[in-house]
Each structure stands twice: as structure tokens, then as C-alpha cells.
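Structures given as C-alpha cells follow.
In the two complexes that follow, chain A is the common piece, with chain B as its partner first and chain C second.
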Partner chain A sequence: MDTEKTSWAMRILVFILFLYLLAPVLLVFPMSFSGDQVLRFPPTSWSTRWYSALLENRGMMRAFWTSLGLATIVTALSLVIAIPAAWTMTRLRFPGRDFLFNLFTAPLLLPTIVLGLAILIVFASMGLLATTQGLVIAHLVVTLPYALRVLAVSLGTQNLECEEAARTLGARPLVVFFRVTLPMMMPGIVAATALCFLVSFDEVVITLFLTGPRISTLPVELYNYVYNRADPLVAAASVLLILLTLAVIMIVERTMGLGRTFVR
Partner chain B sequence: MSAAAETRRRPLRAGEVAVLLLLPIALINAVGFILPVLNLARYSLNRARIGGGIEQVFTWENWTGIFRDRFYLDIVINSVGVSLGITIATLILSYPIALYLHRSHGRWRTFLTVLVISPLLTSAVVRTYGWIALLSDNGPVVGTIRSLGLPAPRLMFNINGVFIGLTEILMPYMILALLAGFGRLDPKVEEAARTLGASPTRTFWRVILPLTLPGIALGCLLCFVLAVSSFITPKLMGGGRVFLLATEIYDQAIVTLNWPLASTLSILVLVIFGAALWAYSAVLRRLD
Partner chain C sequence: MHNFPNARSVAAEHLVLEQLGKSFGAVDVIPSLSLAVRKGEMVAFLGPSGCGKTTTLRMIAGLISPTRGRITVGGRDITHLPSHERDMGLVFQSYALFPHMTVLRNVAFGLEMRNVPKPEVRARALRALEVVQLSHLADRKPRDLSGGQQQRVALARALVIEPSILLLDEPLSNLDAKLRDEMRVQIRALQQASGITAVFVTHDQVEALSMCDRIVVMKEGHIEQFGTPTEIYEHPASPFVSSFVGRTNRLRGTSDSRGVITVAGQQIRAATAEAQGPVEIMMRPHRMRLAPAATDRNVPDATPVQGQNSLRGVLERLTFIGDLVQYHIRVGDAEVMVEEATRRDQGAPCAGTPVDLTWQASDTLVFPAAAS
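Up next is the complex of A and B:
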């Protein structure tokens, strides 16, 4: 369709709406270089003091490393668990397959506030509150549906002829999987890795129910900080988080294409 | 020969392979999803002792309590009302963006899609913080209004801030849902309407809008459901003065330690979800 159909009024409207959509994310960039003691925009002076304050904040830094470690473990486990599951779902025929697929992706339909409370009550009786194991399991509940869906799409759109050729030439099932299927689903694996990592790293509501003074993640610490006071420290942390997110988006876009990952 | 040795020699059947490979995901699903949700339903029928203990009984008093207590009834009505308002605002603000995205091509489209999706992948805490900075009394919005000589409105720590922030936070979901539904919108149909002499406004109301109704319905369902269950934004921007279902669930669970009441409110959220889903499928049926 020719672009002249889009009138100037429409373009200006869309520009303003985009501005509204991106305003809070854009604002934290100048805000993070504020030299003021309190949250004020525009700041009266500029500095990098809040970045140094962030790096010197023991609790924040410890929470950052916890989040990084947690997201890494959760992402690795998600792949190890979801790859065989996605293969089973797309390559084997058995009764109840669709039902199981829906069941395994169902946690995404539940609001995190409800899921968080539900997990809190059960984990309390299992002694899993404020433990690494508890956090890993809780995060897996929300990352596995994403991983399963992305990997199933990746396997479902694969050309089966290559696998068949390998089989005809005498390759054993495991060899076919590791030498043909797995390399061919690499874009899906990259996308699933990025998604799982981001979802786990950013997860806050469920985690809020399960953390305590002993163990805390970065989003939970940021939440607590914003709840208690308003200064530009969180802006500095936000900038770093946004840059991390952007890096991950670029990786996904390069390998899989955003459209295919997010718009089905 | 023992049974174990025999199974080792015989190749595994498809069913056995399936069970083996699905076992880990099924275990996580059972421990982290099925069991907790069933337990939640059971907990809504328990009685909370004063001071945090729980009495294992079978009572409907949490449920009848909610509908008898004006405070909780108001929370439910407030949550549903505010969420409906936010959904409509989100739809109005998202529709032009989605339409523009649908009509754009190539790199420009990719770039705009990234712009739409990036906020989605940015932590809700970060985005809410951005809104706090924008709307606080020292922020640019209030500053601009003041410099125009108008009375400064209070935008923070009340429902206004929650409304503005949540609308923006839900926009990417709405835009993506609308785009998914815009597949039926063929530019040729639009062109035909224009060639036959329809004005742009008429083309919009008679051609574009009806064709995109399924996408609108999907986006509204999604945003309503997300608004009812959103927690971070109302909690941080409401400053303890905005009482909605999600914030009340958290307060009952963590502050008051009344898990049976928190469970009851959670199940109520799921009931509202069910109602929204029912309304959605009713709308879809009418559209067909």
C-alpha cells in the first residue's frame, strides 16, 4: 500500500502516542544522571553519583548477583526440561497430547498474583520459602511454558525430510536428534534462552511472595526501594536493566525475528 | 531372564518414551501449578485464626464475608470498574499505533515493532518508577501544568496515577493483539470503499472498524484480565491509598497473614477472569 494514504494528522497522532508509550522508559535515562538528592525533573545539576551509589549499595549488588545466578540456572534447566518435552509434543503421537500441551502452558493464563499466593502457601509447608530451590522451581513454572511454546513452534516448522534422510541412511534415533534436529532448532533455542532469561530475571510478583531478608532478587529489591523512597538510584539501575533487555532483544531479532516469537 | 534385562533389549515404545521425556515438565507443573492451585481453592474454605493460624474446616464464611462487608464489595466493584476504564483507554490509544504498524513495511515496521515490544520486556518496576518520576509533584507533567498557570492536579498516590501508568503499561499487549486481528484487513477493501466514494471517516466506521472487531475483542479481553490482576503499579503508584483486588490479596497474604481470605479473593479474581472469557466468546459468536 502506498504511504501517501497515511495523512499527516495520523502521523502526528501516532508520534504522540508512541511518545506516551515510551515516556517512562525514556525518562529514566536523563534521570539517572541527576545530581539531585531527590526525584526531580528536570534535575538542577548533572552527575554520575547515582551510578556509584548503586555500585556501592551492598543489598542491590547482592540481589543483582542472585538474580543473575538464578536466571542462569532457571534458563539452563528450562532448556534441558523443555527441549525433550517439545520434541515429544511435536514428533510423537499419543492420546492426550493436546491436553498435556495446554496443561503445561496453562500457568501463563494464571495471574502472577494468584500463582504467587498459591505457591507461597504450598511452599510454606514444604520449607521452600526464601530458598534457592524454591525460587528455581517457582521461576520454572513461568519460564517452561514460554520455552515449550517457542521450541514447539521451532520444531513444528522444521523440514522433516532431513531427519528422514538421516534415518534412511541408518542413523540411530539419538544420532538423528543430536546431529540433525538439534542444530536445525538452534534459532528456537536462542529465542527460548533469551525469553527464559528475561522472564526469570524480571520476575517480581511471584518472587515477592517467596523472598525474605535472607534471599532477594534485583527486581524485588528495586520494588522495595521504590516503595520506601523516591530518589534517582533506581533510575541508574533501570538504565542498566533496559540496556540488558535491549541486548537480549537484538539477539532474538537477529536469530529468529521478533514477529515470529511474539506475534505467534 | 529378568524383566529389566528384557526391557533393555527391546526398543522403548513411543508411549514409554513420551512418559520419560515429559516426566520433568510434568513434575514442575504438578508441584508448582496443579497442587498450589487446588490447595488455594481448598484454603478459601478454611478459617483464619486471629494471629495467623489456620483452622482446617469447611466453611463458606470467607465467601459470604466478602459480599457482606462493604469494604470488600467496594474493592471488587472498584477493581472491575477501573479495569474496564483502563481497557477502553488502552484501546483508544493503541488503535492508531496498531493501524499505522499494520500499514508500514520493511525496516521501518521492524523498528516500530521493536519500540512496541521493548516496554513489554522492561520490568514493570522500572516502568512504574518512570511514571512516578513523570507524575510526581517535582516531575515534568505537573511542572508544565504549573508553568501554564493552571492549578496543579494531584497525579500521584491516587487512582489517577494508577490509571495513567497502567494504561501505558498495557498498551503493548493491546497493540500486539490488535495486530494479530488485523490480518483480515486487506488494503484492497479499503481502496474499494474509497474508490466508490466513501469518505475516510465513513470508510473507517463502515469498513475498517467492523473488520478489526475480532482483534479489538481479543485485545480488550487481554487488557482487562491483566488490569484486574496487576499488582506492582497500583501498589507503588497508589501509595497505599488505592485498594484493588490484587493489592488486597498481597496485603492479606503478607501483612495480615490471613491466607484463607487471600485465597478467597484470588479465586474471585479467577471467577472474574471466567466471566470476562465468557463475555469474549459471546461477542465473538455475535461477530460470526
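Up next is the complex of A and C:
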């Protein structure tokens, strides 16, 4: 009986905690179906007009496709760079290895605003502002540390004897990598893909410095929109973003299982 | 080519290590190791952890490169050959099965690496699984198998490529006692049936004694003794071998020029008595007998039985372990253990009573006392 009481108290506590964390996310849903001209809660009338407004907003839609393309390219590049890098740093011993690893993952600790300013200064002199290449490179600075860290953990926890077994069975080093190492780090690769994609898709701070009228991403476009107006269109966009994020998480869950991918 | 004194066996030598050495930084893990394994025999590397047995095995497999020396197989120098060109089957303590492949694909891996035609790969892999009685699990993933089954898959995977040498690194350590006994018999049977040369790394003397043709007893990176199980057990080359292989009693004494050894104020003899001065004597517990102490009227010391040793002590405690009784007897400041098979009609002596220990002088091993 006693345990049941405490577990009820615990449940209520957890419920409150989740409510607190998720309230802003949950509020967005009713607000997106508002029929009002301005963003307020609770809405006085209901409609889906802001969803249609969003889909008809050409700037917004263009920014969405830019973000989607950008996140895809950035994720692919992150994996192509981070997989060999993580392998090198977990499998080979060389002087300065730990220093290099810390250097690569340092952007995780830096304030993004500092990174954004630094990138702005460098890119301005190179003519990379408001270009796709510029955005890709800037996003890589943010996504690579995530990818590297997740993949290094994945490689570090692998049973090295599997690779050794493959070697004694006659597999050349490249064959060992593609037939044993890479398949065994699949959960790590899926996790890194999801993280990189979401980080790039959501990136605002650095992107703000690099976008302009020529090119803009969805988060930046939303930010600019809210800056000028206060209608529920952003709520509708937020709902779609939440659903996209959920979709990514679901795919990860279906293919690997969240526990196996993110919790080690 | 090789420089070994035993010319008779040169033709049969298969795996030869010549002054093989490994250093990690400034640490000499293996100073210099030389031995020859004959074709078709199973040799155990036996020793406590950290004695260098696994390091040696990994050098043979090509997973670490030796600092010095040479490794040859069938006369061919493989010292600097990468492991994937060495043609060795290695079974790991952790099994090291590929978790993302089915059992069949695991076993087929080595054959695929050898560019064996596809239909033949499948047939041979299935046959290898049949040998270890696991063909019904061919399509399962390793994680669905028990430890013993995984171990058998690992064995099939190593044997299917018909390697020139089978290397086993503590293959039974992760299994429970009953399974370990079964696998011991099975591995030995497989090895003998295929006639493959095998090296078996273990810290378990029972595995080494029961499975292998010869045993290399290792300590701190060098070979203490290399011999058959009987030689190792009956004629250990050092106190270390004697106490590591089987149970043994160690007593300190002093040997005089006539070969009489004084232990705790009492005198005994040994079969051989080359050592003089402080010595260590060793006796196997099960080769000793226990009797109630003789009374003063028929003092045994005065008329000892020819070739038999006798020591008087006090029975401190006894431990009943089913088929054996272990008696712990205090002799001077040392403790001696005697093992006897249990009998139902046996009247056990009480703790605290004086007893006489007797054993054959020929069962007494004498070593010069270690500096410690």
C-alpha cells in the first residue's frame, strides 16, 4: 500500500513535469487551428485557414524546400566526413588524437552566437554569404561534432574481436570495414543521421547571419515573419515541424529502436 | 633451418616460434620464447593471467606484431604476414560472432573471403554446422543462441576454412561448468578427427591436462616447462609448475649432503637429492596417507618403512567434499593437506588429535628454496 501511495505521488510529479515541458508544444496545436487574425490563446474561432495560408506563402514554401535540401546535404556530408574521422580516432593510435577529437567536438560547447559571428566575418571576406555552399559549410560546423561524438561512441563500444575474427578469416582491411565494422555501427549511423538532420533543419542562430533575400531557411523565415506580424501562420508551421520531427523519431524507432540508438 | 636440439621431430614440426619477443613500450611482456608444435597435436598455453599466453597467441594469429623473433608454419616464415593471409582459425573467449549476420552467414564468411563458389559456400557452411550439431539454427541471429551454441558456431566458423592452425583463446571461460565439460570433449574430438594442429590458451589446468597432447606452462612471459600432461604433473620443473598444475603441499626444509631433509625438526628423504641447503619440498595431497599418531611404545621414526616418509602433526580441521575428504594438518608452522577418498565405514579422526602423515619418498619433490 505504501509503495502505491508514493508511486501515485511520483506519477503526479512526472505528469506535472511533462506538462511543463510540453505545454508550449501542445499549445501550438489549438492555436494553429485558430480563425483569428492575431495569435492569441484561446482562439475565438476555429478554421484551417492558416494552413492554407502557409501553403500559399511562396517565400515560406521556398524556405521549407531550402531547409529540407540543406538538411539532407548537410546530413550526408556529415556522415561521409564523420564516419572515417570517428574510425580514425577510435581505431588508430597517434599523437594528438585526444586533442584532435576535442577540437572537432569543441563547437558543441561554444556559444552559437560566437560561432555565427566568427563565420560571418570569415564568410564575408570569401563571398560565401547567402549562398548554399556557405550555409552547408556553416551547418557542418554544428552537425559534425554531434555526428563525430555519436559515431565514436558507437565504434568505441563495438567488440573489437569481431573485426579481429574477420581478419583471421581472411578479410582484407577494407572488407573488414564494410562487412563488419560499418554494419555493426548501424544504430550509431541512424542516430547520427537523425541528429544531424534535425540540428541542421532547426538551426537559427548561425543561419541568421548568413541568410538574406536571396536564400533563407524555414526557421529564419519564421523568425522574420514573427518579427513583422503576429498571425497564427507560425503556429501552423510549428505544428508541421513538430510532426516532421515526430516522423524522423518514428523512423528511427521503427528501424533501430530508440533505446538502442540514443541510450547506451 | 631451425636450431633445435631435438632433430628427430624436426620433420613433424609445424608451428615454430623462434626467440619470439614482444615489448609494449618499455615493458618486456615476452622477453624471448622458443617452441615447436608438431603437426596434428594440440598444445596448451597454460598460465596465470598476465603470463603472456594470449599475447603469444595473438602474435601467432598476426593480430599483434612481434618485437623480435620469427614465426614459421610448415617451414614458411609468416612473422610479417598480415593476419588475413595467415590461414588460421581463431576462436575467441567472447565468441566474436558477427551480430548482424545469421549463423550460416557467420560460418560462410571465411569461405566467401576465399572466393569459394557460392553453392559450395552454402554446402560447406551447412556441413560445418552439422558437425557442431547446429544446422537447425542456421538462420538465427547469434543473439538468439545460448552461450554454448555461440561457442560452437565460433568453432564451426574457425574450422570450416580448414585452417593450417586452430587457435583457441580461453574458449570455455564463459560457459558454465557442465557445458564446459561437454565442450572440452567436443573440441578435443573435433581436433583429433580433423587432425588439425591446435594451440589452446587457458588458465585452467584441468582443461590443459585433459584436452592437450602437450602443455606449455608459462609465467611472466617465459616458458616454465613444456611437456606432456603426465610430465608436467609428475615431474614439474619448478615449484611454480607444481603448485599451478594440480594441488600441492609446499614445505620448507634443509637438505644435508646425504639427502636427508629436515622439516619442522623431523627428518624425511626424497627420491632425488641434488639440492643442498634450504629447500622447498612438495607432495601431492592425494599421494599421502593419514594415520593416528603411533604411541611411544612403537615409535615409527626408529624403524621407518623403507622408502617411506613420515611426519607427525596435529589435525586442525577436515573438509568433506563428497568423494574426497581433505585433512588439514599442522606440521611445525606449516599446514599440510591430505586428500583421501571417502569410505562409508571410515571413522574420521577428531580435530586436535596428533596424526602421522606417510607417503612414498619417490613422491617427494625437492627444489632449491626460492630467494623470497
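The definition used in the following text is that the second predicted complex is superposed on the first by the 233 of 264 C-alpha atoms of A that agree within 3 Å, B and C clash if a C-alpha of one lies under 4 Å from a C-alpha of the other, contacts with A are read in each partner's own complex, and residues count from 1 in each chain.
Everything that follows uses one rule, which is that contacts are C-beta pairs under 8 Å (C-beta built on N, C-alpha and C of every residue); 3 or more make two chains touch, one makes a residue touch a chain.
Note that the structure is a prediction, hence the values are computed from the model and not measured.
Student: Is A:Tyr20 touching anything from chain B or chain C once the two structures are fitted on A? First, second, both or neither.
Tutor: first
Student: Does the superposition put A:Ala9 against chain B (first), chain C (second), both, or neither?
Tutor: neither
Student: Touch test for A:Arg40: chain B only (first), chain C only (second), both, or neither?
Tutor: first
Student: When the two structures are overlaid on chain A, which partner does A:Phe104 contact: first (chain B), second (chain C), both, or neither?
Tutor: A:Phe104: touches chain B, not chain C.
Student: Between chain B and chain C, which makes contact with more of the residues in chain A?
Tutor: B
Student: With the two structures laid over each other on chain A, which partner does A:Leu174 touch: chain B (first), chain C (second), both, or neither?
Tutor: It touches nothing on chain B or chain C.
Student: Taking the contacts chain A makes with chain B in one complex and with chain C in the other, which residues are shared?
Tutor: Touching chain B and chain C on chain A: no residues.
Student: List the residues on chain A that touch chain C in their complex, please.
Tutor: Listed in rising order, the residues of chain A that touch chain C are 159, 161-162, 164-173, 175, 179-180, 183-184, 186.
Student: Can you check the complex and tell me which residues of chain B touch chain A?
Tutor: Contacts found on chain B: 14-15, 17-18, 21-22, 24-26, 28-29, 31-33, 35-37, 39-40, 43, 93-94, 96-97, 100, 103, 110, 112-134, 136, 138-140, 143, 165, 168, 171-172, 176, 179-180, 187, 200, 225-226, 228-229, 231-232, 235-236, 246, 249-250, 253-254, 259, 262-263, 266, 269-270, 273.
Student: Where on chain A does chain B make contact in their complex?
Tutor: Per the stated touch rule, the residues are 1, 3, 5-7, 10-11, 13-14, 17-18, 20-28, 31, 38-42, 80-82, 84-85, 87-88, 92-94, 100, 103-104, 106-107, 110-115, 117-122, 137-138, 140-141, 144, 148, 198, 202, 204-205, 208-209, 219, 222-223, 226-227, 230, 234-235, 237-238, 241-242, 245-246, 248-249, 253, 258-259, 262-264.
Student: Flag every residue of chain C that touches chain A in the complex, lowest number first.
Tutor: Going through chain C, the ones touching chain A are 61-63, 82-90, 92, 94, 96-100, 109-110, 113-114, 154, 157-158, 161, 167.
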